[in-house]
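What follows is a set of structures to go through.
Next, two complexes with subunit A in common: one pairs it with subunit B, the other with subunit C.
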Partner chain A sequence: MNYTLDFTPVIEGMPNLLTACLGTFMLAISGMLLATVIGIGGVVLRTSKIKLLRWLVIGFVELIRNTPFLVQIFFIYFALPLAGIRLDPTPTAIIALGINGGAYAIEIIRGGVQSISKGQMEAGLALGLHKAQVFRLIILKPALRAIFPSLTSQFVLLTLTTSIASAISAYELTSVSQRIESDSFRSFEVYFTVTAFYLVISWLMMRLFAFFSARYFAYPVK
Partner chain B sequence: MSDISTTKATADAMISMTGVAKWYGAFQALNDINISVRKGEKIVLCGPSGSGKSTLIRCINHLEAYQQGEIRVGGILLGHQAKSIDAVRREVGMVFQQFNLFPHLTVLQNCMLAPMRALGLGKAEAEGRARQLLERVKIAEQAEKYPAQLSGGQQQRVAIARALCMRPQVMLFDEPTSALDPEMVKEVLDTMIDLAREGMTMICVTHEMGFARQVADRVIFMASGAIVEEAPPAEFFSDPKHERTRKFLGEILGRH
Partner chain C sequence: MGQDEFFFLLMGLKWTVALSAIGFVCGCVAGLGIALARTSGVPLVERITAGYIALFQGTPLLMQLFVVYYGLALVGIKVDAWAAVSVGLTLHASAYLGEIWRGAIEAVPRGQTEASKALALGYVSRMKDVVLPQALRISLPATIGFLVQLIKGTSLASIVGFTELTRAGNIISNQIFQPLTVFGIVGILYFVMCCPLTIYGAHLERKFAASVR
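Showing the complex of A and B:
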């Protein structure tokens, strides 16, 4: 083995790599927000009185969880224009991440809602609140708290999944590093650095979630 | 079945159940229930496990739907439409065996939530009401704590205050002391006795026979989804008419 390390291209590309990290972060955060909305909305529809809605949610979850993310993102990117919807790579990636993360979030959050005792719903109803109010004001927060660790790992996974958005050249860390690598052929140096960056990004995400959890779920339980 | 006198009795009753029947699937949980409760009257409902006590009182605020008969609360006919259910729930407070306080809200917030969201009260008014009722159940100093920081007895008193914050005309209790450690039973019963003295209309499912003797106007004994016997407490305990009542009383009083 006679390989001399040369980080010069990495150092020269550093400003690019750092802004790409921000791109990754942005994709991840937007994807998570969308996934959370889909997750909570999906749980509501999943418990709807209307059978069709329940089945639509079940179908959606099964479809997304049993197909590869790469295919999903290609589908959205190349199929939507056929339906007259033309989106840039980055919005496409956010939608794909949100949909994918949302399907998993539905199942996770549903578990949380099921873990809340029926008595909570009954107490709310007996106090004259409507079902939707009970869900929003009484059930949701303890339910999210119950599954927050699972949701955190799912969303860290979502953060790492942003790298697949490089397949449609969304602006994020992997696609930028691919460009630096193909210009310099310094594969090891580039991917070594990128690996370290992803580690830091994941770690930051977990800190963010821990911070949020400590504030939002601060109430004591037995 | 409903002659002139019962019709008249139901007319000025706070709660009336006429010929109420309920099924869980093929299983009949309530069978031809007829009860009339006057304003200010206290009823203790007892009977063996599975006899339908919870089901009965849960029909009164439509936590369970009934399939036959008629229920009226404060003159409102409890149908199955949202409108009549809402109207009845505004008049009926309920206290559960498991307290069912909302863990993510402080004691004060637990008491303010429904008055604000269901009655549309302003924050200041809801808070005033909540503090006043927390005072009444002697727990005002815990207002900023969370349910998990309270003892069972304290939690149940908060649950009573929370229900009272809606200014209900009727209070339903479903075994409010059964989940409590023995040393906490008294503080909850005392709160209920106070409430009874103030003239609240109450239906209590309980096996606290001391409470029944002290507070109840009538004791109703249920078995297998039907009302077996109904009498003022003195008579109920000293001279039970039915074999099933005697057997039940033997078991429950023998336990103590």
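Showing the complex of A and C:
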């Protein structure tokens, strides 16, 4: 074994890598927002009275959950221009991440809505609360609290999934590191460092979610 | 898209199945070790395995494959792409399965362990005959869910340069310039592999929930 590790290209590329971390954050947060919107919309459709709509949502969820993100992002990347929508790789990646995360969010949010029993609403009204108060305090908050752990761990997974967006060369950490790697051939050093970056990013995400949870959902259950 | 192209995709599919099988079987063996170490009661061992699990759950699979791929070459082990990817998938699966099974082992009521201790069963027998069979049952839906995730994860081997289903799709799509058809078919092939597993997992979960009630 006569290979010496050389981190010089990594150190030289550090400013680029750190900016790319922001790109990853941006991608992840936009993806999460879109996923939440799709998730809520999907649940509304999923509980609609029209059978066809319900089945469409079920089909969408199963289709997304049973195919790899890489294939989805390729498909969307090639499908959008055919539909007359010309977008850069980064917005395309956000759409793909939102659609993928949205399918998982639908299932999670549906579970939260189902966890609220009708009796709670009736009890709130009986205690003389307004309808709006009942919705905010008795429906929304417990539902959010019930789904918060699974939704946020899904969001951490989404953050890790952003690395796959490098396949269509969206601007994020993995694609930038691939560029440094192909310039310097210091593959192991580059990817080792970037892996550590991802570890920090996902740790930060988890801390952030835990902070929110402690700030807004810290009250006893029973 | 003609017959030859479709046949090429099927060759890729064969590798996807092989990678998934290798990753899952080896991951199960290693994952069992991780789960047992994680619940061993020895603080240092538990700390180390917790770190191992956090490491793999906190980084993208793509990066894990890159690091293993180039790391193996670095320590002088010359292996083919498929072997490097198999090692990467095995490590990844061992961490996730280890965490799933840790939860399952801890979900087995304490009384079971206490009763088998009272019956003077040793550690091996206690685990093999009492705790693990119950834990396996509890963990089955989550384990199947992870298998689906692993099958989908093998698609990342294409970025490392190994010709499995997704990369076969890439190659064909570059040849015949019909990306939507090709990736549509590739997606359907993945769906056909994963969907029965998902349905089976959901079925088991319902069955288990009903039996608990």
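Rule of thumb we're sticking to: the second predicted complex is superposed on the first by the 201 of 222 C-alpha atoms of A that agree within 3 Å, B and C clash if a C-alpha of one lies under 4 Å from a C-alpha of the other, contacts with A are read in each partner's own complex, and residues count from 1 in each chain.
In this section, a residue touches a chain if its C-beta (ideal position, glycine included) is under 8 Å from a C-beta of that chain, and two chains touch if they have at least 3 such contacts.
Bear in mind that the values here come from a model prediction, so they are computed numbers and not experimental data.
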Most subunit A residues touched (candidates subunit B, subunit C): C
First (subunit B), second (subunit C), both or neither touched by A:37: neither
Which superposed partner A:78 touches (first subunit B, second subunit C, both, neither): second
Which superposed partner A:18 touches (first subunit B, second subunit C, both, neither): neither
Partner chain(s) touched by A:120 [first = subunit B, second = subunit C, both, neither]: first
First (subunit B), second (subunit C), both or neither touched by A:210: neither
Subunit C-contacting residues of subunit A that also contact subunit B: none
Subunit A contact footprint on subunit C (complex, rising order): 55, 57-64, 66-67, 70-71, 73-76, 148, 152-156, 158-159, 166, 169-170, 173, 179-180, 183-184, 186-187, 190-191, 194-195, 198
Sites on subunit A touched by subunit C in the complex: 1, 3, 62-63, 65-72, 74-75, 78-79, 82, 156, 160-164, 166-167, 174, 187-188, 191-192, 194-195, 198-199, 202-203
Subunit A - residues contacting subunit B, complex: 117, 119-120, 122-130, 133, 137-138, 141-142, 145, 217, 219-222
Touching residues on subunit B, where the partner in the complex is subunit A: 61, 63, 86, 89-90, 92-94, 96, 98, 100-105, 113-114, 117-119, 146, 148-149, 159, 162-163, 166
